[in-house]
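A single structure is presented below for examination.
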C-alpha cells in the first residue's frame, strides 16, 4: 500500500548494504543520512515515578511524564525526531512497535547496532513515517515495559482516511503489577505455578466427577498427570491490575460521545502478559483496522486480543446510555473496564463475567511425540453434539494452515473429541446448541479458544480479516521457515525451535525474497509472535487480500502460516510478545541479508 | 437433521426479512414505525432521468463518498451519476438513518447467502430458482437504491419532495459504520 | 558471557566456596548484561525452601526435625543444597546431614546431580560421594533418588517421593515416602544390608501465602530387616509414630 512511498529508502538501504559488502548483518546503518529538517520534534524523558490505580499506589516508570506515555499523533510522510533522555539508573530503550524504519531506529538493544540508552544519556531517534494507522511504542529493555513504559502512536494517512469518525479515542490496555518484574520472573522460574490460583483441586474433582462421571474424571486427571501438564494454565502471571489508558476499573476511563456519532476506538493491547477478550455489551464493533492496517470492515460483538496487537473499531451508540468497554483477561482473574458515555461520571453495568476455560487435549495437538493413545482419558461420550458432520458453519478453507501430515505420531482415529473451537474461521454462532452441549455446564469453557461467546454473538476470528488494499506481492514463497514455538513450562524456559535466544540460530532470508513462516505451537499457551521491521501477511484463507500483521497470536496446539516479503534489510528481533516468555528465551534474530552477500 | 432444521430456520428468517423489504407500501418503512405511506412520500420518489433539474456526480471509494454533502432544494429532481472507483461493491441509497439501519440487516443477510459478494452481485445466484429455498422474492430492487460494482457507473434519479433528514449511504456490511455515508442538505 | 558464567560456576564448585562467590558473579554478570544487550540468559537466581521445620510428638522423646533445600544458578546449571536433621527437644542434635551438589538439567523434568554429603551427626562424622537425580515424575510426583558411597567405600541409596494434593487452592495435603537401602552392614551407623527403613508422612498445610504455610500431620517410620534387629538389640523401637506440627516457607 505504501510501497511507492518507501521505495527510495529501500533503494538506499540496498546501496548501503552493497557498500557494506558481505557482512550479512547490516550494522553499517549508523543513521548518518543527512535529513531535511524534521516535521515533528519532541523530547521524551524516561523516569521513575509512582502510579495510583484505583487508589493503590505503586512504583512505575514513565515516558514523557505519564502512564501511558503521551499519544504521539503524526502524519504519514512526516520526518519525526524524538530525543529520549534516560533518567533511570539503568539502560533503557524505546521501540516503535509496528513502524517501518531503519534498523538502528527500531530501538531494540542488541539488534541493528542499537545499544541501550545509558543513564543520563539522550538518544535521538529520527525516521520518516512510511505508513498510517494505530501503533504503539514501548521499552525493549529488561522488564521496563511492564512498569509503565508504553504509549500510543496514531499516524494520520497522507491521503484520505478510508474511515471517517466523529470521535477518535485511543484505548490502550495494559497490566500493572505492584511487584518488581524481576521478582515476578524469579518466582516463575522457582515455582512456575506460583501465580496460578485456579489449579484443579479435589473440590473440582468431585464436581467434575458428578458432572462427567467418576471414571471419566479420573481418566482426565491421569491424562494430564501423565504429561505433567496443567489444564488451568492460561496465564503465567496474576495479581495484575488491568488498565484502560492507565486507569483501573474503578477509576473508570470514560470516552464521551453524542448519540448517533461514529466513535473510532484505537484499541491497543500494551500488556506485558495478558491476552484479553474485548467487548462492549450492547454495542457491536466494526473492525476497520488490524495492527494499523486497514481491513475490510467487519462487524463483531467481541474479539480475542493478543499482546501487542491493535484493532481499530467503529461503534455507533445511538442512545443516551453508558456503555461498558470490557476486556477480560483470558484467565478471568480480572478485567479492564472503561465507559462510553454521553458525559463524564456515567457508569454502565459491569457485565456478567465469562467462564474460565480449561485447556483440552486439543490444545496440545502439536506437542512432540504426543501419545494420543493416552487421550482415552478424555471421555468423548460426554460431549454430545460434538459431531463435526453437523457443523455447517465450519469453513474448511480457513483450516488450510493446518498440515496434519506433519504431526508425528498423531493418531487421528482417536481424536473425535478434539475441540475445534479455536480453529480460525469457525463461526460458533453457526453451531446451534453446540457450545452448551460440549461444555456441559455454563461455568466451564473447554479449550483455549472458547471465549464463552454466547450463541448468536459474533467473535472476530483471524479468518474474518481481509486487507482493504490488495496484496502487492503475489509471488509464491521461495523459502518456507518453520518456527516451532517450544518451551519447558515446568522450568519456565521458553524457546523457539527448542533454543533459547542466546543459543539459537538466527533465521536468514535474502533481501527481496518472498518467504513463508509456519508457526507450530507445541506448547499449551498461546504466543503472540512479533516480528520487528516488517509486516507479515496472514494466510487466513484470503488469496489476494491477506491481512498485514505485526503480531500473530498462535493458539496452543495449532499451526499458523504467514508470508512476508523480506524488503527491510537488517537483523530484526522476532519474539513472543509475552514479556516473560521473551525474557526467558523466546526470541530469535530474523536477518534480512543483502543479495550481494550470497554472490 | 440439524442441518435441515438450520436451513429451515434461516429460510424463515429470510422470508420475514424479505417480506418486509418488498411488501408494497412498506418498502421504505422501518419495522414498527407508523405512517409508512407518509414517510415514503417524505423521502421523495424515483423519477425519470429526463425529469432532472440537474446532475450530481458522486464518486465511490473504499469506503467513502466524494462529495460527502449534497445540497438540494425541496421539489428538486436530481440525476445522480454514481462512479465506483473502488475495488468493492457499493450502494447508493437515499433514506433516513433508521431506514439505513434496517436495510443494513437485509444486506448482511444477502451477503451471507452469497447473493452479494464483497466485489459484486452474484449473477448465478440471482438467476437461480429461489422459490424452493423460500427466497423467491429476495431481490435488491428498491427504487431508492442502486448497487454499483467496481469500476462501473450507474445512475439514480430522485425527486426530493420535502425537507427532511436524509442520508445517502452504502449499506454493504461495515461500510456505513466506517463512514460511507453522506448528508442530503436541504437549502431554502 | 555465558561461558563466563559457566566457568565461574565450575570454578566455584571446585573451590567449594559456593554461595558467596556466586552472588558476586551474579552481580558482575548483571552489569555486563546491561552493557551488552538485553534479553540475555536470565541472571543467576536462587531459592531456599524450608520444606519441613517441625515439632514431633511421640511416645518417647519429642524432637525438632528439619528438611531444607535450595539452589543457586541458571536454567541449566545449578548448585544445589540439601540439609536435613533431627534434634530431641531437650538434647543434642542427633542427626544432621548436608549435601552440596552440582545439578544439571538433563530433560524438561529431570536434573542429574553429583556432589558430596556430609553427616555431622551421628558421630563419627561421615562424608559421602553422591550421585542422583531429582525431578518431577509423571502424575506430578516429586522424586529424588540418590546413590551414596561413603569414605569407607560403603554403598547406600535413598528414594524419596512426595505429592501435593490440592484440596483447595490453599489447603494442600502432602503425602511423602522415603526408603533407605544399604549394600552392606555398617556397624557404627547401626545399619544392616538391604532395606534399612521406610518413612511415610502425611502433612496438611495451609498456604497463607505461597511462601508461608503452617501444617500439621503424622509421620511414621519403621526400621526394616537387620537394621530393625540392631535397633531392638539397642533397646529401641523398630517403628515410630509421631504427630507433627510445623511450618513450610521459602524465599
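A, B and C label the chains in the order they appear, each numbered from 1.
Keep this in mind: contacts are C-beta pairs under 8 Å (C-beta built on N, C-alpha and C of every residue); 3 or more make two chains touch, one makes a residue touch a chain.
Please read these numbers as outputs of a predicted model, since none were measured by experiment.
Undergrad: Does A-B or A-C have the larger number of C-beta pairs in contact?
TA: Answer by contact count: A-C.
Undergrad: Taking each chain's centre as the mean of its C-alpha atoms, give the chain farthest from chain C.
TA: B
Undergrad: Take the average of all CA coordinates in chain B, do the same for chain C, and state the distance between these two points in whole angstrom.
TA: That pair's centroid distance is 77 Å.
Undergrad: Would you kindly tell me how far, in whole Å, the mean C-alpha position of chain B lies from that of chain A?
TA: Roughly 38 Å separates the two chain centres.
Undergrad: How big is the gap, in whole Å, between where the Cα atoms of chain A centre and where those of chain C centre?
TA: Comparing mean C-alpha positions, chain C is 42 Å from chain A.
Undergrad: Quick check on the complex: what are the chain A residues that touch chain B?
TA: 160, 162-165, 260, 262, 286, 288, 296-299, 314, 316, 390, 392, 430, 432-433, 466, 468, 470
Undergrad: Touching residues of chain B toward chain A in the complex: what are they?
TA: Touching chain A: residues 1-3, 5-6, 61-64, 68, 87-88, 97, 108, 118, 173-175, 177-179 of chain B.
Undergrad: What residues on chain A touch chain C, complex-wise?
TA: 90-91, 93, 109-111, 115-116, 140-142, 185-186, 189-191, 194, 197-203, 222, 225-228, 488, 490-491, 493, 500-503, 575, 582-585, 587
Undergrad: Any idea which chain C residues touch chain A in the complex?
TA: Chain C residues touching chain A: 2, 34-42, 45, 47, 75, 105, 108-109, 136, 138-140, 165-169, 210, 250.
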